[in-house]
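Note that the chains are named A, B and C in the order they appear, and that numbering of residues resets to 1 at the start of each chain.
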């Protein structure tokens, strides 16, 4: 009897998981597809889950709103989130842990010892650095201390959300707590950053599941962002792009164009400069559940230069302009005549020729002055 | 020097007259505009475009400017090849006009060239020379300007010889002797080079063949351009001689100019007949009904008008010599503007008219030419003080 | 022997006319053929959907800036109205009544390019192996004679810059690292990422690249397979203007697409046969001969003059 046949997962709802084998495999396959991994890994996960070989995940919370956790919890059927929590061993999570106080801190320490060098450290929220980081303390220790200690023995470090990636909203001017992202605090360590406010949960799922399946991290860009999600800007894959290319823009909220779903560039959409995959992977698994989809311009929540810095409705520069929905004719009119130039040229020509003609009298006048060939020396 | 019987002398007098300062002002405006062009690129102040990459700087400043500088060539042919010694007094001022025409055309080229800093490579990189007609024009123009300078240098040395310092005087004397001995081949070069490049200016128009209107696209264009520049040379010499005589209060050379004008008139008529024959025999008469036809006929009509004046008795009068010269200059200039600008058709969607800064630079260049002419003529022995001895024809 | 001035003059004039006349076209101009390994492109208007991916790919591959076109203030798009100093490849639209066609415009890489004939120091020249018309700024003085000469108005100049260059398609030769080899589909290809970027991204293979002879054969196959579909049942560029390495198949008249009717005569033939006839047929003989003749005449004239004036002085 292998793990999939006759094991606990075949047991059905009365055994706690609430799904049968077929449903479980289906969801695993879905999850794999959702994060861009081949369907074959679904079987691997199922087997590993049943065999109890679940990698340890330690999830730290600092200056955060817990939005990233919440958005993760809203993936697919509620069962998916639970399944994910079954595919990994979530050994420390301040929101989801049943225990509290000293017990949960003990759980943290023992998980770290047991899985040293192998556990995935996920960081949610910014880390205050001012005044030795006293602005965020858990169990009497500053966030700075905690993150250094936990990240030190982690197999992989993932910063979820803009706050953990580069400081997020706590770091907005004047940044009174000196809030910084995990990569700035954990200098020298490879930190996968998954910015967003909240981050798209599938970006986290893809990264974590790749790590637990293959032991590798996805290709990262210079800011540590997985390229499979952050290589392109919203503008490149936006469903409203045809409206942009055709010059159909919303001028004011509520106008005709807004009702028709036209491009939101003029209302301040930061899509052209924002690296993220929201235009392809919507939230809550509801098609169209993302800012532009519901008619609000993107505000660039993944980008430190824009989110919480640039005014919401100021337009952003198009970084790599592409052709619009129009075509130049075979022969496009180019060049023209300036009336001033024409006047000046005419005047000059007229003056030279006409003036010369009249002045000829003067130049030639007085035949009497002509000397005979004998004179002169 | 053949100027045995021709004595040149500086006109003397104050250089900074009111008219001179006006000319300087115009030239200064042109210079400032040119400086702006170098700092900010051609596009910043001209209407040159990808459809019309050449405008008035080439068509007028260079193509017409060098033809204006063919006075020395035209008179030289008469004086030295046909040995019409009576024209010798006209030679040196004509050479000065030529030098100025060519020198300022070179400046115009440098202003027009987008990558002027690489110009030194053209004469030196012999192994990369192509068969482009423009290369030949460039090399010949450069060489000819140098030859003109040497041809005019006797004026400089004669002035030095009039000086006080004996060392300078003997140096000048020696230079004059060397020049005298070598003048014959310098003159030959001074006649060969314009023959080469003025005709090649015509060949250049042939390369964009499909874009040139058929009324101007003919393999005879090099010959047409060559004769055209000779006519213009005669006209310029007439104007320059009359101008000098009137402005500097010199003795008039009306009789000489009369003979010169007669030659010019016949050459011009011959040119007109050839042009009409070529167009007729190649079946292009049909084009005369268009706007281009008007431009074509304008060239011919103006030349015929000028020639008609000169073939009549009016040729003996200075005032009509000058007027006819203006017409000949206009007619030949029209041909060149037509060939390089009007007849050039990159496509009906392109259009070009010079921008004001382009015109300012053009005005500046011609104003500089006149101003330098006046200054040099007053300072150096350029104009003749005497007529040749009666023994000459 | 004394040189009789009159007869010498006659000889000179006759010689001048003769050498000019002898240089008239069809004298001895040797028409060029495409090199055996000539690479080119084939564009078929019946396949093009006007998606402009080739325009975007060309901009990226050649690192050119966007041209905002009519949207100058907002800088929203890359919308050139024609090839220009930032645009080496463009898709245009021909529309007349119900007839429409897209047209991809770029350098035609002529077999006998007028631009290369115009260039003084071979800054523009034809690659001897691939036949691509290449540009080397090291020898360019920015005279723009090439722009004047090109019958397709391809070469563009950076008028807006103080340090300008000529800009035109060079068939992405900067991407080429390896030799082209015979591919599976019969076309000679470079490895991926090395051929012209426009051809690489075209989703309909409306524009493809390969060796010119292969492309010509393919074009003729298409014409034969669909009689009457293509204008005049011919490929533009096979012989037009002496032949081009970028070939066109079109369902509308070529001149409507901006491809002029040039006939078979190479574009530079008239000018070069005149120039070469006068100066290079027997290298420089004509000008040297004329120069020597002139020198002789002038020398003789001046000697005569000196003698006369000496006599005159002696008499007085």
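The criterion applied here is as follows: contacts are C-beta pairs under 8 Å (C-beta built on N, C-alpha and C of every residue); 3 or more make two chains touch, one makes a residue touch a chain.
Every value quoted in this text rests on a predicted model; they were computed, and no experiment measured them.
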Sorted by contact pairs, first entry is B-C
Hey, which chain is the most central one here, using CA centres? C
Chain A and chain B: spacing of chain centres that average the CA atoms, whole Å: 68
Can you compute the centre-to-centre distance for chain B and chain C, using the mean CA position of each chain? Integer Å is fine. 32
Here the gap between chain A and chain C, centre to centre from mean Cα coordinates and rounded to Å, is 47
Using the touch rule from the top of the page, what residues of chain C touch 2 or more other chains? 82
Residues of chain B whose C-beta touches two or more other chains: 49-51, 347
Enumerate the residues of chain A that touch no fewer than two other chains. 331-332, 334
Looking at the complex, which residues from chain B come into contact with chain A? 7, 47, 49-52, 239, 242-243, 245-246, 251-252, 254-255, 317-323, 326, 330, 347-356, 358-359, 363, 385-387, 390
Chain C partner contacts - residues on chain A that touch it in the complex: 244-245, 265, 317-318, 320-324, 326-332, 334
Which residues of chain B touch chain C once you look at their complex with the stated criterion? 2, 4-5, 38-44, 46, 48-51, 53-54, 80-83, 85, 112-116, 118-119, 121-122, 125, 128-136, 138, 183-185, 187-189, 191-192, 195-196, 199-200, 203-204, 206-211, 217, 219-220, 222-223, 344, 346-347, 389, 391
Chain A touches which residues of chain C in the complex? 50, 52, 55-56, 60, 66, 68-69, 71, 75-82, 90-95, 102-103, 256-258
Contact residues on chain C for chain B in the complex? 5, 9, 12, 16-17, 20, 23-25, 82-85, 114, 116-122, 137-145, 147-151, 153, 155-165, 241, 260, 262, 267-268, 270-272, 274-276, 278-280, 287, 290-292, 294-295, 297-299, 301-302, 304-306, 308-309, 312
